[in-house]
């Protein structure tokens, strides 16, 4: 993956870097000497080290230091995977904090701690404390951070760092020690991508082609198959919104697709059908968020989906006051793996009547347990097209899905209590409630495999989201509609 | 000053806050109970404390926390000076770091320092080190910082923080212990106002009135007397540029005024003369930066003048390729106070011939020293209008000005070696060189009082600025033209 | 007036012309030889004639012809009044239609008229008719029209023509034969300024300074005294809108100022009071159009006020749904002159009780008639400040004003029946109704002199404007509120 | 064709019409009663007549009249082909000028012609002349023109008229009497689409998708096969420009595609090759206009290609000063039909040596003439792939092509003298010169069939275009390079 993105980055970002340098008007571009793309030559490494040092020290002034950063970025983009990993490891090992400096700073600071109480401690002691504190803070900043910050303001510089983090995440799988580079980049990017800096933009068929092209590439939930398919999703009865960062204006960070419909949607195939007639958006009473996709792997761990949904709901509510219901149409990607595990381990998951039904459906002579039989049924290709089967499975699976959604994981591995399903967790943490479970809501291959074809409507009642969020965080308790509660009860 | 800005802020910012809250669509605005504008009632303070705590903890989710920050901002803007100072001191004293937590974090961290050497230390030890490091870093973050960050993304929120820092700077004069609030705000704003985030915009007579209105208000060097005067400064033979921040788009941060002329300008009164004929900008060979004004007191200590001048020069060079010379026309605001001090202390500053000339000019029967006589002459109102006097003083003062500019302060009080004049220091630190000294370049009252009417051209040769900057930083040595060097030599 | 505008035009428009030519990239600018600014030298005139001919014939292609038009425009702007008048008369006399060509075209066309009936006339005859018709139409186009059209697309070209028409209107007072130039320009501009091409823009304190500057200059009804006064009129409880033309984007054509208030305003001084507190626009129920100003004298006879009011009302209604009432606060500029004439001619305008009241107020020993006494009272400076007087006059003048508004002129001089008052005619023709008459609604000098201090609210009920318009056009009958009808009745 | 465009128009334009009406805020939309889509019911026709009359008379005011026009437009778009033709014929026959009114106007005007000489004729007589002239002009305006003008300013109204003219052009093939509707629309659109009103916009991959989508649809010369193909044509070494009209902003009128290359291109396949490496635009010295497409059939006869090429050349020259050569790479679409006709009629077109060569190549036993043999050779599929053949044909066909280009048609059917080739005529009339003929410059099926694979570079030397244009218009003489002149000479 590292390899593949490289050339794309090269083509596009390189052009911008060069432009950035040229438009900086700094005369000669301080190009690096050519290094081998694997960066395995010690003299190349030594050369690079000098350039990194020079950039960090910035003796020629801030403008010049940024030009040097651009040259380093350009060099990096020309590296192959092996070279990139070597460079990242160099940053990890050689450009961290200085333990000796930290030790000294702590030794100087420790004694001043006693003096900061305003009632004790003289003015002079408190000033000394403050100075020692600043020294300590500075000692705790790794050197590589100054290098990273130089990229801000370069054309394509912020995108470069985001992609550098994506590379670091990739490389970390094999080199777990890259934790420092990864974490420093994440923290820096989290401060730069504070929601306060992001701009919400509506995406329409009037949007620039280069933005739309990225939507096609980034859609992760329900693939956009062509420009025509995209156009279909931008018709007047749809809305699409994305967050952008002012210094990365061509790159959506996250986007959401919304359908404006009458009544809460229950089937994603119906929503995506290109032959479906255009609905009158003025007659809609319901906004269905049917796809949310993060676009920047390098920003994983930096969250803004929460802000996105609330701002979009607000925007739609202002525009179309007749829309009263805001809800998602979401998969349960962790349902089948939970179900399989539970069917294996737990005797009593299915009641006797359910077990009998399943065994009959499975036409099972071998006396295998009902749990296994159910799994076999769900693994059959196109099982959703067998009406007898689906009619019989429907009450059983809806009940199991309702139970799945209602349960909370409290494993200590994860901080706090949270839903068993990652999508459920995302929406519950945002303050939504579990509103409805839809049988055969997604009959795509993936939908059947992961969610047993079931989709969930999570509903956002704007007045309740804060209370919901708070209760869920504190107790793991999710707000659930009466209908789903009933489903979850064992009859 | 705190008082005066208050109401202005109130009118304008309050409106935006309310709009921010309303457009946030969060239903009810969580208004604070009314507090007394002096904030001297302990129960008011207690109420406030609870609201600040709630905002910092953000239990209702991030969106809600920002709405609470907006309500706090609104409350603050309604306070009088005394109330504001009380609030700032509360933040200083009660929302700092927790010494005990720091102490514990240090105690946990200290032992892990030994393990971070990649060659020693196991994987597990190094991971423990990293976790301890994160804890320590977090312990070093004062609680108030989380409050401040909540303001980002609010309409007017960034401007609110900038103005809060201005209030803190004012209040710090009487309450020097406000150092923590001041420094935390400065550091936060420095990261938010990184030059990479700023946008350079040209200001013309087509710019929005609310921006131009601010230029009139902020111009610090050569007062803009009216809208007509401003229009005159935006004619085709002038350029005006400003830096803006994306989240504070209505507020220039710093702006520079440039005249496009033939030959380097020597008199600022000639530049500002509204009756002067319009020059053809295509015939100009010289861009004169005749005024640079910082607009936001709350951003003092956050510097971008350096970037501004270089970007503006680059922009002009691209637009008008015939312009080859970029120079300032600048005052020497510290010249007279230096001169007075030196004339007092130093016998031999004036040579005998100069002393004689001065004594004759002063028509001095009382035998006072030449130094005092010179000071008396320069204190005479309108001395610049006496041709005999100016002819005689010209060589003497130009010589003294050249010496003044050439000398470097190396007092240990200031970090490193730097010019005696604050304006000279700004330009030399940016990499400019001292090009020319202009007799009677500024005959305004202030120009005569501070600079003895002399103005300096600092020249920016784009190819040399980096070397100049580096040498000046390292040695305090300023690049000086032959002409000024000759003037500085004692004959 | 011709003289005064000249230099202003010269400064600004000339620059744009030159830029237009230069940016046309046509190499050398085909500058005209210098002509004397009075254009009184026959050889200059001959030179000019050749250039006009060349431009009209356009042998070098369309792009070149427009460059020549620009050069002619530049020449024109450098002329003094006398020269301009000479040039306009040359266009009138020498660049009209060719009577002989018209005669021939008519002779060729006349016989074909018989053939155009589709039932008679062969295909061939009808084609011949069509060709003859085209010839005739072309013969009726004056040559100067081709010159005028060349200015379209030049920077400042459309504005040049608008100002040329203003010059023609001025000159026509002394030279009534300029009717052809005037009318040709009017017709051309009417087609270019079709409401379908105009853009409605809201004017705020964020608008470009050069637009706001023009508002200050053009406001004709209630003078804008300064930039501060203007800012006051752009506060959130005000709205200002203007029409612009795409090829004259810096120049408003007409603008309207609206106050958002609770209850229909009765006093313009209250509206204009800069110390009045800001109203909450969300609480307003009424939009008061208190000033409409045409900006381009050269567009007189080309009307768009009708469109402006309706579009503005629509825009406000969409933005602020609580605003239900749209009304003007308007002067009656023709009231006093009507009143004076009627008091002179008509014995019974005042009833005996009124006459007695007036004579008492006038403290009149000389037995002059009540009508003269009333006029004398109204000519007293500051009569509005005498409470006894105003209390006594109030019912009398309100009655007379109501009668004045209710009456319709049907003089044959004016086409059709229309109101006696020009402002009333404008609004009634737009479909408004006479809603209320306000005593001492405008106590400015002009308000007292022209309207006896009375102001009228014309109300626009959007559902009724078309019917109202149609009835008023057909019969001169104005819709009048019960309240005003009652006032108009003789008691 | 009429049929096919209809539904497209309906979908898109209807929406805009409805929006236009709704946003006009005129309350109820004055919808027409449903008419039969064939419009063959006399009562439908009568109903329609009344609505057209009402719209033309506009008794309810201008705003209302435009709303009625929108309703009529909506009705029209719902008609099928037969209904549309009926409607157009109704406009042709019933909404023309009134012959009787014209006759009377002529009778009143004719006598006044004698009086307009300024030296004879009194002021009063001349005024009477002017009034009679205005009456005559007005009588010559067909009634339908007022209907057409009402569409201006409606959302989609201008586009509606453009499409209406396209329908009229289609219908005129069968109904040649539609000449009046066609010509009235053409004249109105020519005035609205005066080049002075058009905006040149660069089209890039940042342009809105709905504009790019139209480029794909409209490209007439070298088909754009997909979004990827389009993206390839918008890379940094390409430029694409289009003209837009302010009231039809989503619709390009004409666009041109330009390649930035080193040396004048000779092969269009090389230009269109998606695998060709990206060239550095800063290294280019030549801009090749390789495709110009008109987008609006309804604007045929309204020309702006001339303006487009000159403005684009100017824009590129300013941006990239190293580009010194502006030339096209153009087909000769009329070459083969000319060649075939000449080979048939003219004995001596080929000289004996050429004839021998051709007969040998044709391997011709039957003694058919060389002319026929050549035609047979050129009709062979893929003849361009036979190297022997192409080597032998090359000098012969280049000579014939050069002769073809050099010859001028002077048939009286066409106005004036003009090139035999329609593309040559377009560029020569614009002032270009014939620079180079390229063997196998276009080996597409169409290129081989129409142009015998040959392409021409027409070169635009900006300083010469006006002289070239004028000479070509006057004499039909085309500027030809020495190289092409030599080719054209018989050896």
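Here the chain labels run A, B, C and D in written order, and each chain numbers its own residues starting at 1.
The rule we apply is simple: a contact is a pair of C-beta atoms (placed from the backbone, for glycine too) under 8 Å apart; a residue touches a chain by one contact, two chains touch by 3 or more.
Note that the structure is a prediction, hence the values are computed from the model and not measured.
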item	value
Contacts common to chain C and chain D (chain labels)	none
Centroid distance [mean C-alpha coordinates] between chain D and chain A, Å	51
Chain A and chain C, separation of their C-alpha mean positions in angstrom	60
Topology of the chain contact graph, where touching chains are joined (line, ring, star, complete, other)	ring
Contacting chain pairs - touch in the sense defined above	A-B, A-D, B-C, C-D
Chain D-touching residues of chain A, taken from the complex the two chains share	15, 205-210, 212-213, 227, 231, 236
Chain C to chain D touching residues, read off their complex	23-27, 59-64, 66, 93, 96-97, 99, 102-103, 106, 109-110, 113-114, 116-118, 123, 126-127, 130, 133-134, 136-137, 140, 149, 151-154, 157-158, 176-177, 179-180, 183, 191, 194-198, 246-247, 306-307, 310, 313-314, 317-318, 430-431, 462-463, 465-467, 469-470, 473
